[in-house]
Amino acid sequence: MKTPIIIVNFKAYKEGTGRNAVKLAKICEKVAKKTKKNIAIAVEEVDIRNISSKVKIPVLSEHLDSIREGAHTGNNLAEAIKENGAWGTLLNHSENRLRIDQLEESIKRAREVGLKTVVCANNSEIAEAVAAFEPDMIAIEPPELIGGDISVSTAKPQVITDTIKKVKRIANIPVLCGAGIKSGADVKKAIKLGAKGILVASGIVKAKDPEKALTELADAL
Amino acid sequence: MKTPIIIVNFKAYKEGTGRNAVKLAKICEKVAKKTKKNIAIAVEEVDIRNISSKVKIPVLSEHLDSIREGAHTGNNLAEAIKENGAWGTLLNHSENRLRIDQLEESIKRAREVGLKTVVCANNSEIAEAVAAFEPDMIAIEPPELIGGDISVSTAKPQVITDTIKKVKRIANIPVLCGAGIKSGADVKKAIKLGAKGILVASGIVKAKDPEKALTELADAL
Amino acid sequence: MKTPIIIVNFKAYKEGTGRNAVKLAKICEKVAKKTKKNIAIAVEEVDIRNISSKVKIPVLSEHLDSIREGAHTGNNLAEAIKENGAWGTLLNHSENRLRIDQLEESIKRAREVGLKTVVCANNSEIAEAVAAFEPDMIAIEPPELIGGDISVSTAKPQVITDTIKKVKRIANIPVLCGAGIKSGADVKKAIKLGAKGILVASGIVKAKDPEKALTELADAL
Amino acid sequence: MKTPIIIVNFKAYKEGTGRNAVKLAKICEKVAKKTKKNIAIAVEEVDIRNISSKVKIPVLSEHLDSIREGAHTGNNLAEAIKENGAWGTLLNHSENRLRIDQLEESIKRAREVGLKTVVCANNSEIAEAVAAFEPDMIAIEPPELIGGDISVSTAKPQVITDTIKKVKRIANIPVLCGAGIKSGADVKKAIKLGAKGILVASGIVKAKDPEKALTELADAL
């Protein structure tokens, strides 16, 4: 998993769903090639197959169930996520918090089937706790800034540095940051504070010109 | 939605996941053609795209989130389920019970995007309640018989007749039955009791010879 | 269960917790005596014992777990709710929606141990569904109006009449209404529309003078 | 919080509910006095008031909601748990696993209102993660041994020693162990392995002679 990296979370935005998601994924791929930066995307499970067959940048599922094969209706098996083309998974986003035991088990399951894990945390204590599960990356996102206009790197720089320090005590895991990231300046600040990349959603997915917006972030990486 | 119908729930069985799911779906399609009976399958969301591009029988997602487009990480939008090839959705299975408000909203969302709904109920009171939401079909499955060796039509025939009676008071919705269905005799009993079809999982998915097992059920339909 | 009735939901407001809850419960009791109207209160489980030993008006728990006695850590057994002095329970509030199977089971459990049930519904379809479970009362509360300044009886009178009509199709269960109720005029409108009482929270609990506010509602009942 | 300690979890056993819970609590208190050992009990929220007014040993709630005062129906406010006589809370039991963010917040809320926290973990990784939240105690309980006949100290001694080692890396928090503890020999082994106490449920609550059973454990402490 190469850093620095930008992960674009498509959420369930209409611009990030179905046909639109394929279009947006191609834009992300284009920017990745053009800028030679690492860009990955997180998409709805049902869209993984189609998107991953059409772009070569890494595709993450927006969730991964902790279950093992068997009588479980309504879950997606880790093996199926992998087989349909995912490269990793985004776990414990503020819109999808997990039970602590299921989070740990989902990370194990991902590892078993060869999926990378990026785990979100709302504060530095939770980031530290998550580090004990040894995911591939940890993304710190103060929930009150998600979807807003002020970036975490501007509003709460200390959350980033604290998180990096606490995570390092446990394991050598790259820390990304997210919430409110919109400009190249936001990205530069984040990297300067020690972040190894950023997690972004509405700033790209809902942008009037996603290619331009993402290019600005990638250039600043 | 034509009846009588057999719906095969692939759950998260390894035989019903990824490549294996495609194989099993083709077997179901073959039996449907051969016997000229209505057979549908319920599969993991991540497998919908691949399976629905390879078979022509109706494909249901094993779940449908009630959310609308927007900032929801880890959910699959109804529009995306539809766009990737699903024909309907199986809701409220005993392994995936839903909050009453979300169940109602999921049925509405399915209707909005043109997906059929089959809603599971564990007893006749819940079937009656579900009827108020006007799904396309209701499947009665006493949870204690699921995955077992005695079929609902043998062990609890009155649950089926009670359910049909109670549902009819509310709306004219076909009632399927499930749990422990393994033989043609089980199917015949169910139909005789008034069921418009059956919901089956391990009896087919885990069968040594799924084609033979499903053919027996289809012939009895 | 006598109607018409006012049920005051203490929620987890600080004015409705611990010592304050006892004070507020006594005010409710005083207004009930003074106005000779039926007034009940819904309180946190942990406060039931203390409150029910100090007032004689009916005390409802704000929730009731569906479990039966056994190895369940963190749940409150229906028998314990009853033994500690509750008279009934408020179920499925918009802040505490329940799985459809657990809602049905909680109503059964309440009946078994002799607790009355008041079940909330967000729309008329859900009220109709809930009626199939035969609770003692159904309270219709459009969630978007809860805690607001416009009462359901003013903003959405048709929701009340539709709900009464749909519930009556299933069973003869009194329908209460809630959300935004603040004045005697709101109560009068509700009763005129056919409601058998009201469910109120912030309008009383957060009122500057709860006794005065509740007296106004009770007088209008 | 004095160690070594025995915490008896009353769960929702009928022997640990309502009047029976008061009786059992008195037995625990009697054994505590007689043996001069630290014994605490974890009880249903609705029973806290009654039990804590009748015994002097520490009473824990079996759960603590993470919410703050406000519009939350069906939750028990930390302040109310405290005011009604609780001394602490047992969190994240295998029968009541919590979302990672809510677990962290519940521990903070307990600290704010002056309640001690004992947090359960199913394996050493989760115990390490939990240590980042700095609860007062951590209890390691392999879920597959809970309620069984072989104690964790006999079946999986390494789980205990691993947990103690991993927790120590993060913070100096006493580790208890639980699952299958039935005899004085089980307790001695646990203490020898470094545990600072035990968490026990059915072994005492469902014992034919709880006083005798608890005395044996306490003597061995």
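Here the chain labels run A, B, C and D in written order, and each chain numbers its own residues starting at 1.
Assume a contact is a pair of C-beta atoms (placed from the backbone, for glycine too) under 8 Å apart; a residue touches a chain by one contact, two chains touch by 3 or more.
On a predicted model such as this, the values are computed, not experimentally measured, just so you know.
Shared contact partners of chain B and chain C, listed by label: none present.
Where the sister copies chain A and chain B meet, the same residue numbers recur on both sides for over half of the interface positions. If you average the CA atoms of chain A and of chain C, the two centres end up 43 Å from each other. Chain D has its Cα centroid 34 Å from the Cα centroid of chain C.
Within chain A, not a single residue touches two or more of the remaining chains. A ring topology is adopted by the chain contact network, closed into one cycle in which each chain touches exactly two others.
By the touch criterion given at the top, residues 9, 11-14, 17-19, 21, 42, 44-50, 61-63, 67, 69-77, 79-81, 83-84, 90, 93-96, 146-147, 201-202 of chain D touch chain C in their complex.
Within the complex formed with chain D, the residues of chain A that make contact are 92, 97-104, 122-123, 125-126, 128-130, 132-133, 166, 169-170.
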